[in-house]
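Okay, so chain A shows up in both of these, paired with chain B first and chain C after.
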Partner chain A sequence: MSLKRLLKEKRLIEKELSGYSESIELLEPVAFENFLKWRAVLKGPVNTPYHKHSFKLLIELPSEYPLVPPAITFEPYSMPHCNVEFSTGKICLNILEHEHWSPVWNLMYVMVALYQLLQEPVVDSPLNIDLANILRAGDTSAYHGLINYYLQEDTATH
Partner chain B sequence: MANDEDYQYSSSDDDFPEQQYYEPLEHRDITNNILDDYEYLNYDTDSLESFNSDVDIVDGMAVSHVTNPNKKRSIEGAMVNLKYECFTTQDIFNNMLEKVDRLQPMFSIPREDIILLLQKYGWDEDRLLEDWTNKMDGLLIEAGIHINNEQKELPKSQRGISNRDFFTCPICCEDQIKETYSLECGHEYCISCYRHYIEDRLNKGNIITCMSCSLALKNTDIDELMNGPSSEKLMHSSIKSFVQKHNENYRWCPFTDCKCIVHIQDTTEFVEYIRLHYSPYVLCNESHRFCFSCSFEMHSPADCEITSSWIKKAKKESDNLNWVLSHTKECPKCSVNIEKNGGCNHMICSSCKYEFCWICNSDWKPHGSSFYQCTMYNNDELKTQTVIEDVSKTLKRYTFFYRMFNEHEVSAKLDWQLGQTVGNKIKSLQEKMGVSWIEGQFLTESLKILNEGRTALKWSFAVVFYSDSSHNLTKIFVDNQALLANSVEDLSALLQIKSPETIMEKKVEFYNKAGYVENRTYALMECGRELISKGIVKITN
Partner chain C sequence: MKVQIKNVNGVFAWGWQIPKHDQKVKKDHNNSIVSGSDVDHQEQNSDDEDDEEDFCGICRASFIRACPNCKFPSDGCPIVIGKCKHNFHVHCIFEWLETEASRGLCPMCRQVFELRKGVVINDLHYVTFKELILKRQKEQNEFEATAEDDEALARMIAAQEGNNGDVPVDDILDQDMVVR
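Presenting the complex of A and B:
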């Protein structure tokens, strides 16, 4: 683990975050003395059922970072999405797999990729099979309705 | 119940007449014919068509009664003749390199580039050639061999290590880096980050590319960067994934630390073998025999299905049973704790000299002279028990068979240790008795036969466990089992002899006993196959 790399990433994020105000609400280490745990909040993209909602992410950096990818999950029971397991918040995204990860990428890059995933769910590799099936069948209103139901439930209980 | 007679036959174990032990069954004759066909195939190996037509005849039951009672049956006879080759990863790699040499004149690009292309195509020459003729340049870009000309805005650089004064690596963010590496694309990183990155990917078997783009690192680049022959490791893992991908035709030898890979070109015949309940056993170059179909050790007379459910059951139940099966036992007479240190079940207590059977814990005397019965599970004992005890009965039944299975497994291990000493025995024969090495080989041969007999015996308990115990054929099978058990113990005892003089004196006895075990093993295997073919074995969990 290179502390220099993390410091540099942090500086970069502080500098550039304002430019991403449409998509990334927050990206920071959980505590200043520990750079291995980060938290982030993504904004729901316009023209998706996620619009006007925001989503918390938990980021853990393994000690071999950046040689191995960061471990990122949504907060459990908060994200109804084709490629996210609802009960655990696990994300299926190939760049987060060790094999496809490149050390050149950084946390900012990953956040942008996740934001894109919110805009364009991949029905072919689903973790939430119900949502993927509905979307694949082209039943947009049911798709939106189900996500809205989940999200309202979420706001009601939290 | 016309089997009293057969029972008599099977008990007379003097000189093993071939067909006695289940004469009245028509299927037996057919089996023999099939075996003859297989043996015939061995001489005329490329006649797959004739094989098929033979089977058709068998299916039509239009087989005339042709058996040759004088033909020597051996364990090999209970197996099908498979055409297979045994490799190591190095052999396969050399084959791949030959492929590269063959392709090189056609492609007229460097060998390293062809290796990359083959890697991309999972070493599938035909698919590569097809795509190559269709889109040469596109393929070279896709495989990361040539740089994509559309992305020309990047500053081009030399492929290789460069020395810099003040370079800040974008990955570790260290400044004052002295040594860096980049490909023609100009994506430059410090050599230590690059090494970590490559090290991490060497065992994945995929093409390693630049960290920022799809330009590939050739084997020569990897070796230059890593300062050693690291690309070899990559090639080996690439071959590993090749083997994994083609697992229809390739199998790793399941034995610990064995590096052999067995390759069978044509597996279409397997359906037929499985229908006849033969298991496709292969022998790797290290002389490990295993089943190509389930990657388990040789498990006859059980078939793959019985084997896998037995193993599953054993795993499930082992927690309950392990405490039952300790490696020591008390002497039934003086209660001294005895550890079994040899393969033979004939125990002599070291303190009171009481002779007993390790399996049934009773006096050895009746075992030696008369029929060896400890392999039989006595159902009568349980007849009086009530329905409530049924569950414990099933468990008890399983416990019994598992114990038997386990005993023979332990014995087999001890026999194997015995094998280590056999080499020394042969040596001392050579030194003290002036026996030639080749003459001493009867010991090695006997040990091999003993091992195969034990393995068959071990798996036969799985078969009996799943068999309908009221069926006559099961009874015959159990009789055969007892005969084999008896002969195995005899041979095992013979192999315990330490003095070279006695060994040489008993040479003929070695030959006889080993031959007998071999015949018995074969008989048990065939009987088991018959049992399974007749549907008497039901797998329940």
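Presenting the complex of A and C:
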């Protein structure tokens, strides 16, 4: 099931990606021979500390896809975000969980959802507890400062 | 001019006869006094809906084609009409409903997926689907029952322990913030 559908998705993405230039920089299979591994790059939304940064994502598709959700992570040590575990890039987003996933969704839809997660971090289900606490306390300058620190560190070391 | 027909080739196209869900609604509209533009608008809408219904939301293949696991469309790979107005290849929706995570719900609208009654193409599958959905609903009820038990247990434990040593995180954080 998965390969045929992924081929359809790829065709659709090639057609539609230009319409998402504000948010999705890249969404493609890692290699043409292997459609079960994809990579993506999300742009940081305006009016967030992520603006002017890009974020790499790794996408692994189980052979049962789309009956089960894709496994998506940010590149480890690249994404300081309430709902992302910094050291692994693991994402906490309910639509990516087995019991909340729906097979009518596709990779494009998930990318849009992740972009929205960058715009609206959810403090009630944090994987980065420090950031969530600061945000919950309403200390925006500390929040922005800490994210900027992480992001600059990231660009300096790479 | 004289035309002589030497040969005739018949070309056929086929499609599923998917019942229009909004037929009744439309009739009501026609009976009441509706301005011309409104009627046009309504028809436009239903056309769009038809386009959407032309492919299976799960495998994204058109209904006149087979699902990814089948070679031959039509009778070899039939479709079912949902009560909730969402249609799928039998194989695709059945595979989804067989997963426990589906909870027996339509992937489009999250309502319990039931086959629409009185549609010929549904008849063959009506019983199998009903049985599967019942199984999923039973699981779901059991799951919810255990979840309620767990909750009650957690409340009991919390009551016993009292709230000593349970300082809200925000307070600790606020104290730190003062130093800043």
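In the analysis below, the second predicted complex is superposed on the first by the 156 of 158 C-alpha atoms of A that agree within 3 Å, B and C clash if a C-alpha of one lies under 4 Å from a C-alpha of the other, contacts with A are read in each partner's own complex, and residues count from 1 in each chain.
In the analysis below, a contact is a pair of C-beta atoms (placed from the backbone, for glycine too) under 8 Å apart; a residue touches a chain by one contact, two chains touch by 3 or more.
Treat the numbers as computed from the prediction; the structure is a model and nothing was measured.
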Superposition on chain A - do chain B and chain C clash or fit: clash
Contacts of A:Val46 with chain B and chain C, given as first, second, both or neither: neither
First, second, both or neither for A:Ala31, with chain B first and chain C second: neither
Dominant contact partner of chain A by residue count, chain C or chain B: C
Touching partner for A:Lys4 - first (chain B), second (chain C), both, neither: both
Partner chain(s) touched by A:Val122 [first = chain B, second = chain C, both, neither]: neither
Stretch of chain B, among 43-51, 79-87, 205-213 or 277-285, that runs into chain C once the two complexes are superposed: 205-213
Shared chain A surface residues [contacts with chain B and with chain C]: 4-5, 8, 66-68, 99, 102-104
Touching residues (chain side chain B, partner chain A) in the complex: 170-174, 187, 193, 196-197, 200, 204, 206, 211-212
Touch list for chain A against partner chain C, complex: 1, 3-5, 8-9, 66-68, 98-99, 101-104, 106, 133-134, 136-137, 139, 142
Residues on chain A engaged by chain B in the complex (per definition of touch): 2, 4-5, 7-8, 66-68, 99, 102-104
Residues of chain C touching chain A in the complex: 57-61, 67-69, 92, 95-96, 99, 101, 103, 107-108, 110, 169-170, 173-174, 177, 180
